[in-house]
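We call the chains A, B, C and D, going by the order they appear; numbering starts again at 1 in every chain.
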Amino acid sequence: MPEQILESYQVKRLDILDEKGTLDDSLAPSLADSELMRMYDLSILARTFDQRAISLQREGRLGTYPSIMGLEASQIGSALAAEESDWLFPTFRESGVYIAKGLPLDMIFQYWAGDERGMKIPDTMNVFPLAIPVGTQIAHAVGTAMAIKYRKDRAAALVYFGDGGSSRGDFHEGLNMAGVFQLPILFLCQNNQWAISVPREHQTASKTIAQKAIAYGFEGIQVDGNDIFAVFKATRAALEKAKKGGGPTLIECFTYRMGDHTTSDDASRYRTKDEIEKWKARDPILRLRLYLEKKGLLKEAYQEEVQARSKAAVDEAQKKAEKAQPPDPRDMFTYSSASLSQRQARQIKDF
Amino acid sequence: MPEQILESYQVKRLDILDEKGTLDDSLAPSLADSELMRMYDLSILARTFDQRAISLQREGRLGTYPSIMGLEASQIGSALAAEESDWLFPTFRESGVYIAKGLPLDMIFQYWAGDERGMKIPDTMNVFPLAIPVGTQIAHAVGTAMAIKYRKDRAAALVYFGDGGSSRGDFHEGLNMAGVFQLPILFLCQNNQWAISVPREHQTASKTIAQKAIAYGFEGIQVDGNDIFAVFKATRAALEKAKKGGGPTLIECFTYRMGDHTTSDDASRYRTKDEIEKWKARDPILRLRLYLEKKGLLKEAYQEEVQARSKAAVDEAQKKAEKAQPPDPRDMFTYSSASLSQRQARQIKDF
Amino acid sequence: MATMNMVQALNLALREEMERDKDVIVLGEDVGKDGGVFRVTEGLYSHFGAERVVDTPLAETGIVGAAVGMAAYGLKPVVEIQFMGFIYAAIDQICSHAARIRARSRGRFTASLVIRTPYGGGVKALEHHSESTEALFCQMPGMKVVVPSSPRIAKGLLHSAIRDPDPVIFLEPTRLYRMIKEDVPEIDYTVPLGKARIVQEGKDVTVVAWGSMLQRTMQSVEGFSAEVIDLMTLSPFDEETVLQSVKKTGRVVIVHEAPSNCGLGAELSATIAEFAMLHLKAPIIRVTSYDVVLPLPKLEDYYLPTVTRIRKAIEMTLQY
Amino acid sequence: MATMNMVQALNLALREEMERDKDVIVLGEDVGKDGGVFRVTEGLYSHFGAERVVDTPLAETGIVGAAVGMAAYGLKPVVEIQFMGFIYAAIDQICSHAARIRARSRGRFTASLVIRTPYGGGVKALEHHSESTEALFCQMPGMKVVVPSSPRIAKGLLHSAIRDPDPVIFLEPTRLYRMIKEDVPEIDYTVPLGKARIVQEGKDVTVVAWGSMLQRTMQSVEGFSAEVIDLMTLSPFDEETVLQSVKKTGRVVIVHEAPSNCGLGAELSATIAEFAMLHLKAPIIRVTSYDVVLPLPKLEDYYLPTVTRIRKAIEMTLQY
C-alpha cells in the first residue's frame, strides 16, 4: 500500500585501522606518540592480566572468571577516551576498563577470588563495581547522568553492555529515558557476537545494534570494535557531545569474544574453529602492534620490555592479593546497612 | 566524521479517510455496504456503552472506568480485521475491542463493577482478560504467537498497548523475541498522545512509535488511528502477512484520548481545552458518519434507529448485570488454584 | 499545629525535605503537573520545578534503577511508584542493587533513596491496586520497610526515611490517605525508623498491627485489656518492644492485610516463638486475609480481616 | 534402576515428559545446543529440535511472560532461568499473571507452566549465583514452590510439576546437582506435590529442612532421636505432616539457607505456634543464614548454617 514517508534514517559505521595495521589518516584521531604507546602498553598489560586470571582459576586460586581476550580495543580505547570526571558503569567482563582506569590489579584478582574488598573502588575513581545481572547497570548510568545534569557538572556517564544485554528491558527503559531527558550519557555495546551460546543473529533480528538508537530519537553508530582508534574517536566524540548538552549516543563496538564465555564454559560446544581463526586475524592488539611497528615506535627490545613489565606487575599484584588478610566475617554485618538491626546486633556476637 | 552507510530506513504513514469524510479511493479497502454499516453500528454501540459506563460510575454503580472515547476507530477497525482464529490481548482501555468481538455487554459492566465473572471470556472467544499492568500483556501475546507457530495453526496474535506502554521493558523484550522467532503477531499501539498526564513527547524522544520496529528488524507503520479504514486495512494486511509466515508488524494508530484518563482523573489539570477542541474535529465516528452520509448509506431515520438500538442494548445489559447474583465468596478459593491447599480447605469453612 | 490528612502530611514532609536539602529529588509517573494520582506531590512541581519533580516515562524498572544511580552520585531520590501492584517490575533493581550496592562496594557506594507507594486495600479499587506484599521487601537484607498509620506518624516517618542512609520502601495505606485527620505539629520532628509504638497499654493480650489494620484493630480491642502495638517499621522491626509486651501479656494476636502464608505475621510469630515461648499462655494467632488471589471489590470485604475476626481471635487467646 | 546424579535425573524427567506429551516445550537461555549451563537440558535440542528446545534472547521478563501466553494456548512450557539471581526481573509476570490468570478469568485461562532454576549456595559462586529467596514465591497465592533433595526425588517432583495444572517454581539446589548419586527407577513414577517426607523417624525433636540443607541436617542429627522432615513442596507446604510430627516430639528446629527474617522458617514456626503450641516443650528454633547481604565465596562458609549450629540448636531444644 502506498503511504507518505514521515522520516528517513541511516545506520553508519566507522573504521580507521584495518587488520594489516594500515591507518586511514583522514579519519585518525590526533594522538601523541606517548598516548599511542599508552594504548599499547595497557593492551599488553590487560591481556597479560587476563591470561593470568585464567590460569589462576584453573589452579583453583580464583573463582569463575570471564576473559576479555579480543575486547582490549573496545575497553581500553573507550576508557582512555573518558575523562576523570566521567562515570563508568562496567559489566562483569570489563577487566580492561578497570585496568585502563587504574584500579589496582591486586584488587581485581581479590574480587575474582571471592572477596568484596576488591570492588571497594577508590574514592578517586568514578567507576561502579561490576554488574553481574545483565543489563541492570544501564539504569544506574541513566540515573547518574540525571544527577550530573541536575548538578550541571561537566561530566558524562559511560555504560558498557553486550549484545545479549541489548535484549533486556533495562536497555529499552534506560535508552528511552536518556532520550526523553537528553542526558549526558554514552551507551557502549560490545557486540562480541555471542551471549554464552546464543549467537548475535538469534539475539535480535535487527541488522545492527547501532540502529536501535533510532527507537529513542538519538544517534547510534557502529564502529570496528577491534580498532582502538575508531573506538577512541567515537567515544571521545560522544562524550564531548554529551558534555556540551548534545544528549545521548549509542555506540556498537563490533568485536569478538575470542575466549570461552567464562572459565566454566566450553565454547567448542556451540561455535566453530574456523570462526575463531577468522577473528584471530582481526586481533585488536595485533593490528595496533603492526601499525606502531610501521610507525617505527615499536622496537623489538621495547616489546620484550613491555611484556616483562606487564608480567612483573601481574606477579606483584597476584602476590599482594594472595597474601592479603582474609576478610573479617563481621564485615557481612557492618556493610549490609549503615547500622546494625537488633537482630544483626545479636547475630554478630557469633563472631 | 565520515563513515560508510550500513542501512537506510523509512517510516511511513497511511491515511484513507479524512476529517471531512472524504475517502482516498486508491487506498480504500474493499468493504461491502453491510461491513461499512457494521463498523458504524459498532462505533455507536461502543460510544453508547462508554458514556453509560461513565455515568454509572458517577452514580457509584461502577468502579473506576477508563473511557475509550476517540479510540473507536482504532479498536473496532482492528478488531473487525481479525479473524475468529486470531488471539487478541487487550489493555484495560479496550471496551471497543471486547464489544466488536462480541463479549456480552453485561459482562463488561459486571467486570467494571468489581466482579471477576465479567472477565470469564466465553470459550468461543480467543480474547484475553484485560491487562492492567501496562505493557505486561505484550509478552503473553508473544508466547501465544510462539504456540501458534509451533502448532502450525492458521492464526495470529494481536496485542494492544498505548504510547505509555511502549516505554516498558516488556515492549522491548516482546518485540525483540517476535523478531528473532519471526512470529505471527501484530503489535498495535494506540498512541492517544497521553499516558495519564504525561504527553507523548515526554514518553519517548523518537519522532514516531512506528519507527521503534526498526530496532527489531521488522516493519512498522503509522496509521491515522481515527480513520477506521486505514486501521482496518493495515491490521488486515499485517495479520495476513503474519499468517503467511511473514513475521511481526508494529502499527502505530495515531489517535487521541478524548476523555479523562479514567473516571478518577481530571485531565484539565494537565492539558488545554484547545487541544481537545482540535481533536473533536477529528472524531473517528464523525468522519465515518459524514462518509456514509455522502455515500447515501446513512439516512437520518437510520441514525436514530441505531442510537435507539444501542441504547436498548445497553439498558438491557445494565439491567442484567445489576440483577446478577452476587459472587460466592468461596469462588476466591476455588479459582486460586485447581485444588485447595490444606490451609485453604481450612479457611473456606469460614463461608 | 494544623489539622491534616495523610496526603497533606506527606506532601508537607516532602516540601520540607526539598526545602532543607536541594539534593532531594522526586521522580515517578505523573508526580509533576498532575501532583500524583493521589495528589501527594501536589504543588511541588510548580514550586520546585521540573528539574526536581520529574515526570518519568512509564518504566518502573528504569525509574528505580535510575534512583540507584542518582543516589550513588549523591542525590536523595524519592521515587513514587503509582501503586504497589506496579512495583514488581522494580524488584530486580531493589533486591539486586539498591539493597546490595553498599555491601558490594564495601561502603564506597550507597543507595540512600526512598520508594513511596500506595499500599493496601479496602478502597474498592481495580485489580493490582490493593496489594499488600510488604513481606517481599522485608526479607531483603539491606532494605528497610516502613508503614505509617496516621498523618502525624506519616510525616515523621517520611522525614526519617528520606534522611536514612539506606534504601527505604515507604508504604502508604491508600485507605488512610483521607480517612483520618489529625493535628500535625508545624515544627520539624521525626519518627525514628526501627521503633514500634505502643498505642495503648494492656495486660491480657498483645495485638500487633500496622497501616490501615491498626485502625481496625483499635475498633476490635474495645472491652479487652489489650496492649496494641503499631509496628510502623516492618523491617527491621522492633523486636524488643514486641517481646517485652508479649512477656507481659503472654498472649499474642497479629493482624495484617496480606494472606497468612509467609506474611510478616509469620516472622513476628516465629520471633516470639523463639524468644518468648516460655511466657506464652496461648497459641499465637494471626488474623490475615485469606490465602487466595486478591479478589476484586465485590469479594474484598470477605477477604480482608474484619473486626469480628479480630475479636474472635482475641477471645480465643483469652480462653487459655 | 540406574545410578544417576540430580542433573541426569532431571534431564531424564524432561526427556520422558517431552516424549509423553508433545505440548511440553523447554525454553530459556542456552538450553539448546549448550544444554544449559549445568547441562540439565543436555541432548534435548538434538533429540527434539529447536522448535521444542528454544534458545531465547536474554530477557527474563519476556521469557516468563511468553510462557504464560504459551500455557494459555495449551502448551506446557518448562522455563529455565539460568540462576535464581536472575529470576527477579520475572517476578512481575509470575506474581501479576502466572499466579492470577486462573482467578482473573475464572478458570477460562490457566498458567500450567514450570520455572526451573538453580538455587542455593555452597558452591563458591559469583554474586547472584547462590540465591535462596524461595519465600518470595511462597507468599504468592496461586503459585507452587518445589525443592528436591535427591536425584530420585528430583525426577519424581519434576514429573509432577510439569503435569500440574498450575504454575510451579522448581528450585534445583546447585550444590546437589552432582554431589549425590542415587538409584533412580526406570519406571514412570511421580512424587506428589504438597506432601512432605519423613526422612527418619525420631521422638525427641522434629527437624525440618529441604534442598541442600537436608543433607547437612542429616549430618547434624547423628546421636539424637530426631524426626527429620524433607519438606519438598515449600508452598503450599504439608502442614499435617509437620504438625503431626511436632505433636509427637514437642520440639522443633527449622533449617534453611535463606536469612531468618521472613524466610519460610518463619511460616513453619508460626503455623506450629498456632496449631501445636500446647504440645511444645521448647522454643521453636530456626537455624538459618545470617540476616545480611549474601556474601561472596570468601565469607560464604560463615554465612550458611553449619553442622555445629544445627547441633547446638537441637541440643538447646533438648534442654527443655
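As a convention for this text, contacts are C-beta pairs under 8 Å (C-beta built on N, C-alpha and C of every residue); 3 or more make two chains touch, one makes a residue touch a chain.
Because the structure is predicted, anything quoted here is derived from the model rather than measured.
When the partners of subunit B are compared with those of subunit D, the chains appearing in both lists are A, C. When every chain is reduced to the mean of its CA atoms, the largest separation from subunit C belongs to A. Contact count check for A-D and A-C (C-beta pairs in contact): higher for A-C. Measuring from the averaged C-alpha position of subunit A to that of subunit B gives a distance of 43 Å. Look at where the CA atoms of subunit B average out and do the same for subunit C: the two points lie 36 Å apart. Between subunit A and subunit C, the centres computed from C-alpha atoms are 40 Å apart. Annotation for subunit A: residues 116, 133, 167-170, 172-173, 176, 180, 202-204, 331-332, 335-336, 341, 343-344 touch two or more other chains. Touching two or more other chains at once are residues 57, 59, 61-62, 85, 88-89, 92, 96, 102-104, 127-128, 141-142, 236, 260-261, 291-293, 295 of subunit D. Contact topology of the protein chains: fully connected, every pair of chains touching.
If you check the complex, the residues on subunit C that touch subunit D are 61, 85, 88-89, 91-92, 95-96, 99-100, 102-104, 127-128, 133, 135-136, 138-139, 141-142, 235-236, 258-275, 277-278, 280, 282-286, 291-295. Here subunit D touches subunit B in the complex through residues 25, 51-52, 54, 56-57, 59, 61-62, 64-75, 77, 89, 92-93, 96-97, 101-110, 141-142, 144, 164-166, 194, 236, 238-240, going by the rule given at the top. Across the complex, subunit A meets subunit D through its residues 63-64, 92, 111, 113-116, 132-135, 164-165, 167-169, 195-198, 202-204, 264-265, 269-270, 326-327, 329, 331-333, 335-336, 341, 343-344, 347, 350-351.
Residue ranges of subunit D in contact with subunit A, taken from their complex: 29-30, 32-35, 37, 55, 57-62, 85-86, 88-89, 124-129, 260-261, 290-293, 295-300, 302-303. Within the complex formed with subunit A, the subunit B residues making contact are 1-15, 26-27, 167-173, 176, 179-180, 182, 202-208, 210-212, 214-218, 221-222, 233-234, 237.
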